[in-house]
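Once you've had a glance at the structure underneath, I'll fire off some questions.
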Amino acid sequence: MEKMKGVLEKIPEQIRRLLIVIAVIITGVVTVRYFILPSSLTDRRFHRESTVQRETAKNIVFAGASVCGACHADQAAKKKIGYHKTLSCETCHGPAQVHIENPATKPTAPRGREFCVFCHAFDPSRPTGFPQINPVLHNPIKACVTCHHPHDPVPSETPRECSACHAQIASIKTVSPHALIGCTSCHTVPAKHKITPRSVKPTKPETREFCGKCHGKESDRKDAPKIDLATHGERFLCWECHYPHRPERM
Amino acid sequence: MNPELVQRLSELLQEVTGFIYPNEVEIHWSILIVVYPYITGLVAGAFILASLVQVFNVKEVQPTYRLSLLTALAFLLIAPLPLQFHLGHPERSYEIFITPQLGSAMAMFGFVYLWYLMAVLLLEIWFEYRRDLIVWSKEEKPPMRWLYRALSLFSNDVSEGAVQFDRKAIKVITVIGIPSAFILHGYVGFIFGSVKANPWWSSVLIPIVFLMSAIVSGIALVIFLYMVITPLRGERIDMRCLDRITSYLFYAVIVDFTLEALDFIHRLYESEESIKILSRLVTDKLFVSLWIIQILLGMIIPLAIMIMVKSLKFDEELRKLLYFTSVILIQLGIFATRWNVVIGGQLFSKSFRGLTTYKMEVAGIEGLLTAIVLLILPFIVLTILLKILPAWETSEANRGTAS
Amino acid sequence: MDRRKFLKNAIWFIPAAGLFRRFLKDAYAKPGNGRYDPNHHLYGMGIDIDKCIGCGLCIEACKKENNVPKEPFFCRTWVERYVIRKDGSVTVESIEAQKGKPRAKPEETDILRSFFVPKLCNQCANPPCVQVCPVGATFPTEDGVVLVDSKRCIGCRYCIQACPYGARYLHPETRTADKCTFCYHRVVKGLLPACVEVCPTQARVFGDLKSMASRLVRFTRMNKIHVLKPHLNTEPKVYYADLDGEVR
């Protein structure tokens, strides 16, 4: 005891005072942090679990593709075999969880021209195989649903027998200046092509004069851009520069 | 929904050139986050100047020793405020202390700050003032007497041995304090330098550049304060002291300038993916604040002034004037440095395809007025501190020691 | 083993295997039946750039599902249009989510190539946002989704600065950081994220990386996969098929 006191005496006075202050601060901090604060403030696992719970408990707005067919079996069956089979009902009809909980609140059913062009208006950034139209030229004013049933839409008038295999060409052509020219205007298709497509091929235009029928300066087609066959790129065939299924616009 | 915010962002959208990600229209770190590293830089710089006196025993600088310490304390007390005001939820800031995420540079702020405040600055000031506090507590009347008693922690040993011990303790604390000051500000640089997503920030040099510019700004601030306060006290400015500190300032500016030039050349030479957008940033959006204010006004002109003063023999008055101009220019330059880092780093898109604009609010909580108040506040705190803890011995005491 | 015994075993084995598969499938796909165990899942998303038509329905659905402000400055997901011109210049824009507004279409004749790229939080396995959060308010769940604790986020916005993909924003109402959660409240109940649900072309493929039969795993098997900014080592779990080099 005497010895302890001796050691204490040796510590300078100011250090003793500081040590008391530091000890008070440290005990204070430790008590508050580990004994007073509730674990709901300090426990990280608890925080994470409650976040996951809160996140999981959030409201669902979109009901999901599988439930609609339970009541609307006929539409679902129709859609299932059409070109829109990959679409979810809510893609066009909007969120429907409210409708499931209370069938009186109806989801939307877009019928005008504004909604369809969201996907089907021509846009050069869209993938080329995707069916697109020019909303200005394509049957203006008419609502899309008058010709195309949205649950089973039918693409444009390219003969089924061509587009069945050449879908990509067909859909590129629908947005090109050549959209209104039928496949058979340029290609003659032997009947056997449909049976053995690789051994019997349709004809392709072979001469510059073929294109010249419309694009030559003597032609009387008003809507086709005109060139002078004699001077315009005379060493090349037309399709070596211009892709006939989607020629560049002039 | 806040219509004012939407209005502001819609206007900003018109200013965007090129492409930025939609979420990048809003500039998230505002002028308050410019003020924050500026203030901590001043703290670190002022402290390092104080340490010079202790560690390297530079007698000439002694008149600014206590002033530097109190300046560091005043600015350190205000340093967390800009951060606090900037938070989306200021009332939750205590979480940094009770559930810090130890991997985060920002979480360490609380601890580095507390360590520096409690373990370094307050301790050093306490040991420095302990003897005086005891003396004052005997001279003054209540309530100042009680205040001094409490501040001295009721210590009353003014024996030669005890004062000697104080001196030793200060030495030890300074030795710990220098690296601590380096950490305090180097770490602020690390907050920016460690953001790998942002090529303007992401650089190992950033903490060091921050540190050097901190030293520059801190020394310049102490010079400024010394030159303002001394005439106000009716005393003469000690020119030997002033010349000495400005020559430190001169070397610090040179090192700072070199480091920043190195950073710049390194970026230019490596010429990474981001170089195109960064060169558009510095030649367009940051042209004035980087080239004119930071480099020309903040570095080249002060350097030229100090070289002139060093090589030519000017008289005292002209020297004072030139010093005063250059420390103010340097402050401006360092503030621009912080601006260019913090705001500049947010003006370009992380897609490297476009630039946006920062439109400062004026009256809002994150606006210009708040920033100005936050920059004035440390000076008020310093005035109060100087009232309580005079940084200079009174004239008579001075005469007493001289004789 | 004689033939008789083999056939007899087979009679039992085949339906038993079928039953077993059903159980397995239930355990994986229908968490509603039992308790959802996050340790059995790891979510990711595949994006087939060649299928995206830039209709913007995903953005709209996301905003409805997740209470995201409808202004175009706050997005959990968005779609970028890239136009690379013949002179080599690149134009990028974020397509407008609102319906009915006319869109500026690039002139067709000088385009070299053009496409849409949907973007969202990459749910990185090595997320910089989690690393920088000072209070640990954002964290990855066992099933691989990075969530934000809106009750504890202090709104310092360091995570927004740290995200290389611009996927985070400060929610103007809660004043806390917000970002895509893969519609966590939906996926734990076996539903698809809202954006995947409404995507008309199946350009977005959502799935479980821990289930070999998931659509996502098939997607990553059938395509050449790239992630965004791989040099930052964030290890994203949003996988892009046919990603163009210009996309950043």
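Each chain carries a letter (A, B and C) given by its place in the written order, and its residues are counted from 1.
The rule is simple: a residue touches a chain if its C-beta (ideal position, glycine included) is under 8 Å from a C-beta of that chain, and two chains touch if they have at least 3 such contacts.
Keep in mind that this is a model prediction, so the values were computed, not measured.
Asker: Please indicate the chain closest to the centre of the assembly, with centres calculated from CA atoms only.
Answerer: Ranked by how close its C-alpha centre lies to the overall one, first comes C.
Asker: More C-beta contacts across A-C or across A-B?
Answerer: Of the two interfaces, A-C and A-B, more C-beta pairs touch across A-C.
Asker: Calculate how many whole Å lie between the centre of chain B and the centre of chain C, each centre taken as the average of the chain's C-alpha atoms.
Answerer: 44
Asker: Where the CA atoms of chain A average out and where those of chain C average out, how many Å apart are those spots?
Answerer: Centre-to-centre distance between chain A and chain C: 13 Å.
Asker: Could you put a whole-Å number on the gap between the CA centroids of chain A and chain B?
Answerer: So the centre of chain A lies 51 Å away from the centre of chain B.
Asker: Among the residues of chain A, pick out those that touch two or more other chains and give their numbers.
Answerer: Each of 44, 47 in chain A touches at least two other chains.
Asker: At least two partner chains per residue is the criterion; list those residues in chain B.
Answerer: In chain B, the residues touching two or more other chains are 99.
Asker: Note the residues in chain C that touch 2 or more other chains, in rising order.
Answerer: Touching at least two other chains: 136-137, 152.
Asker: Taking the complex as given, what residues does chain C use to touch chain B?
Answerer: That would be residues 69, 71-75, 78, 80, 90-94, 119, 128, 131-137, 152-158, 160-170, 172-173, 175-176, 232, 248 of chain C.
Asker: Name, in rising order, each residue of chain C that touches chain A in their complex.
Answerer: The touching residues are 38, 50-57, 61, 64-66, 81-83, 99-100, 103, 105-106, 108-109, 111, 114-116, 136-137, 139, 141, 147-152, 181, 184-186, 188-189, 191-192, 194, 197-202.
Asker: Would you mind writing out the residues of chain B in touch with chain A in their complex?
Answerer: 98-99, 118, 123, 126-127, 130, 153-157, 161-162, 165-166, 169
Asker: In their shared complex, at which residues does chain A touch chain B?
Answerer: 12-15, 17-18, 20-21, 25, 33, 37, 41-42, 44, 47
Asker: Tell me, which parts of chain B touch chain C in their complex?
Answerer: By the definition above, chain B touches chain C via 1-2, 5-6, 9-10, 13, 18-26, 28-29, 83, 86-90, 92-93, 95-96, 99-101, 103-107, 109, 191, 194-198, 345-346, 349-353.
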